[in-house]
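Listed below are the structures to be examined.
What follows is chain A paired twice: with chain B in the first complex and chain C in the second.
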Partner chain A sequence: MFRAKIADAKYWRGLMNAISTLVDEATFNITEDKFSLRAMDSSHIAMVDFEMPSAAFEEFVCDTPVKMTVNVNEMLKLMRNVKSDEVLEMELREDVGKLVLRLRGRYVRNFSLALLDTAGEEPPTPKISFKAHVQMATDALKQAITDAARVAENVRFEATKDQFVVKASGDIGSVEAVFSADSDAIREISVEEDSKATFNLDYLEEMVKAATGISDEAIVEFSTNMPLRLDFPLTTGALRFYLAPRIESE
Partner chain B sequence: MGTNIGELLKRETSSLTKLSGKALAIDALNAIYQFLAIIRLPNGTLLRDRRGRATSHLMGLFYRTINFLEHGIKPIYVFDGRPPRLKEKTLEERRLIKEKFSREWREALEQGDMVKAFKKSVMTAHVDDVIISESKELLTLMGVPWVQAPSEGEAQAAYMASRGDVWASASQDYDSLLFGAPRLVRNLTIAGKKYYPKKGIVEDLIPEVIRLDEVLSSLGITREQLIDVAMLVGTDYNEGVKGIGPKTALKLIKRYGSIEEVVRARRIELGFDPEEVRRIFLNPEVSDQYELIWGEPEYAGIREFMLERDFSAERVDRGLERLRKAVERWRSESLIRWIS
Partner chain C sequence: MGGCWVKLDDFLELAEKPYRVLTEPSPDEAAQLILRSRGRDVVILFLRCEVEYAGRASSSLPLGDRVVMIKPDGAVLIHGGEKREPLNWQPPGSSITARVREGVLEIVSVRRKPSEKLVITSPVIFVALAARCAADQLVVRGLERELVEAVLREPGLIEPGFTPLKTEVTTPMGKVDLLGIDASGAPVFVEFKRGTAGVDAAAQLKRYVDHARRKHPNARGILAANSVSPAAMRVLREGGLEFRKLPLSQRKLA
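So, the complex of A and B:
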């Protein structure tokens, strides 16, 4: 049995929206103490790693661990008009093959969502030792990514001891965002080794856009030609993305 | 076309998303016929440029291929070569059918019956050398590999799939299973819809995968026996036996073991030599002279090629933008490298 209550339904929708940037059919792992998901997109270029401990919920009841697969895009469709002051209650009804969503606001709205068959195992997280760590404001990161997307399909991340540079160039021109250690947007830069890698902007833009409303702060971690980790710390819980680097031919 | 054994074959539903990351050998002529059949104006006229050249196939090929690439599918188009001698009769019949439908289409147009005209027109799709060479040219510009089969395209696709160079053969016809493809993907090249001219209805089509080993184990026969079943029903290389449908054919082959034994036991007159047809399926003419490389598209070249054929610049540019994004995604490594 699984049942949970979240105080801010809109926040929950934001989290589901972040997951939906990579997966359609999402398999959630629910145990006594947490609600989590780890999945790759179908091209195996990116991964989302999401975890909310039971303490993040108003109410959380799970007597036996269970896997729940739903189509997140369908869930988002149902939740399109949720308000921040609506409370979301979820109840897993395996007997009828549904996840029941109840929104309590000025009145009660009941939705139900079909459960899908769970296929495949949860992937492990990539093993990488990150040489560059940048803790920064999410909106500044978003601005740098959006700017880059105006001129190119991919973006280069470069980190030196006291500077993080996001740059892109294409046929029409080039864009560069320079974050020095003492700039307003930066909380902390720590670089063990100069690092640079190139990433796909399509993925990056969607991830950062989706995370903007959820977390004010982003932790960007990478190493030369290794996958990127984007960590968006939640008040209670974690939302992390991994993104494989672009193959550099030169 | 092909062989009518579909109802016997166990299949699973799939989707473009589920096929992500997989290389598929697409029956090019089969796809081009579908584009020419369906991409038409309401009165059944093909899309043409100002000089009168047909462009329906280019429209289909361009957008559908982009759609595959966006889903991470790696398409390889396989073109038919010289047909086996035994296919001549089938080809002649198809030509006559097309002539008949062309006549009926003209009549319907004269009567001003547009619904009927469209129904008739889809049966008149005709592929010529220009259509084939233009299709190859567009694919080359798009950086998408294509393979020229020495003979049957489906045999070539099956060969590539059995060697593991591609994950599956993709066609509406079932022949590639008879040619030994371990997997066949159907409903891939039509954009989610199928038009049934006889009934005048449109139905949603969902990609499906048919696995040869599952077909054989569910039917309890060997591939050679499946070929025998198909021969009884009729293939492109032989006429079937009158009155024998797929279910009866399966029952007979399971009971007697082979088509030769069925013929002997039931005193059936075959109008063909089963050994000759069997040889086409078991030892088809194929080539290993192919390279599967997805190159960088020539964006300016594609644009020029399409605009020269009166495609709207705005729409082509939108397509090219999608292509650019799709190809760029391919340039990323896979996370799997860091997981395992």
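So, the complex of A and C:
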């Protein structure tokens, strides 16, 4: 049995939206103490690692661990015009194969979402020792990514001891965002080893855009030619993305 | 600019195991493995390939099944089915690139100075292995000691009438491998080196002997090795020191 209540339904929608950037059919792992999901996108270029401890919910009841697979895009459709003053209640009804969503605002809205078969195992997280860690404002990261996407399909992240540079170049021109350690958008730059890596902008843009409303702060971690980890710390919980690099042959 | 997207799976797998094996990979998959392993893993490929080399000379190897090894330091070795030495190779510091051209895997290794280029083209790859190897240096033990022991057993290897007195003699300049006296009773300092003795060994011996000659002007110094470099020979001659050729030991390096 699983049942939970979230005080801010709009925030929940934001989280589901972030997951939906990579995953269509999402399998959530629900245990006594947390609600989590770890999944790769179909091309295995990116991964989302999401975790909400039971304490983050207003009410959380789960007597036996269960896996719940739903189509997140369908869930988002149902929650499209959700208000932030609406409370969301979720109830897993395995007997009828549905997840019941109840929005309590000025009146009560009941939705139900079909449960899907759970297929496959949850992947492990990549074990990487990141050489560059940049803690920064999410909106500044979003701006840099959006600018880069105007000229190119790929973006290069470069970190040295005292600065983090986001650069991209394409046929029409080039863009470069320079974040020095003392700039307003940066909270901290810590670099063990100069690092450079190239990532796909389609993925990055979606991830960062989706996370903007959820977390003001982003932790960008990477190493030369290794996957990127984008960590968006939640008040209670974690939302992290991993993105495989593009490895240049020259 | 060429390049390839890597899948996250690679990083998940390598996190668990220090190797990755692809059996009959496509040229694309093999190129990805090579690019991703650059500077990190040793890549060993068993493939059907042709090899073209141009640089100080030029050479080519016709299509055949061979083992290619690419090391993180840039070294490339191409082995056939015989002998210890590779058929062709590039030294550490060469840069490696892999790409697919018209369905064929192309591995290019370039060395700048002198300018050398090695191109391996392969239509069929049987096995590709990325292995995370330790980069430790070989620890060589007891080899000079072995030479010292040979001389202790047979002092005549140094010269007729030589009498060993003490090994590992501490002097203010450091430790000397062996101290003995010659037929005339003069002290003889012997420094041993396995293989070819270089300038360092000669200079080291010179310091011991120079120091000893303050008290014993007749002190002699002998560098005993399998061979000696010309520069080291010069140091010896200028310092009034000698070189003694020792026979190579039969024991090979581990």
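One rule holds for everything that comes next: the second predicted complex is superposed on the first by the 250 of 250 C-alpha atoms of A that agree within 3 Å, B and C clash if a C-alpha of one lies under 4 Å from a C-alpha of the other, contacts with A are read in each partner's own complex, and residues count from 1 in each chain.
The rule is short, and it goes like this: a residue touches a chain if its C-beta (ideal position, glycine included) is under 8 Å from a C-beta of that chain, and two chains touch if they have at least 3 such contacts.
These figures come from a predicted structure and were not determined experimentally.
The superposition on chain A brings chain B into a clash with chain C. Once the two complexes are laid over each other on the shared chain, residue contacts for A:139 go to neither chain B nor chain C. Using the contact criterion defined above for the overlaid structures, shared-chain residue A:162 touches neither chain B nor chain C, since it reaches no partner.
By the touch criterion stated above, A:245 is placed in contact with chain B and with chain C alike.
In the superposition on chain A, A:226 makes contact with both chain B and chain C. Judged by the touch definition given at the top, the superposed model places A:127 against both chain B and chain C. Of the two partner chains placed by the overlay, neither chain B nor chain C lies in contact with A:85. Of the two partner chains, neither chain B nor chain C is touched by A:33.
Common to the chain B-facing and chain C-facing surfaces of chain A are residues 40, 43-47, 123-128, 200, 226-227, 242-247. Partner chain C is touched in their complex by these residues of chain A: 40, 43-47, 123-128, 198, 200, 225-227, 242-250. Of all residues in chain A, only 24, 40, 42-47, 123-128, 153-154, 199-203, 226-227, 242-247 touch chain B in the complex they form. Chain contact summary for the complex, chain B toward chain A: residues 17-18, 20-21, 71-72, 324-325, 328-329, 331-339.
Within the complex formed with chain A, the chain C residues making contact are 1-12, 15-16, 31-32, 35-36, 38, 97-99.
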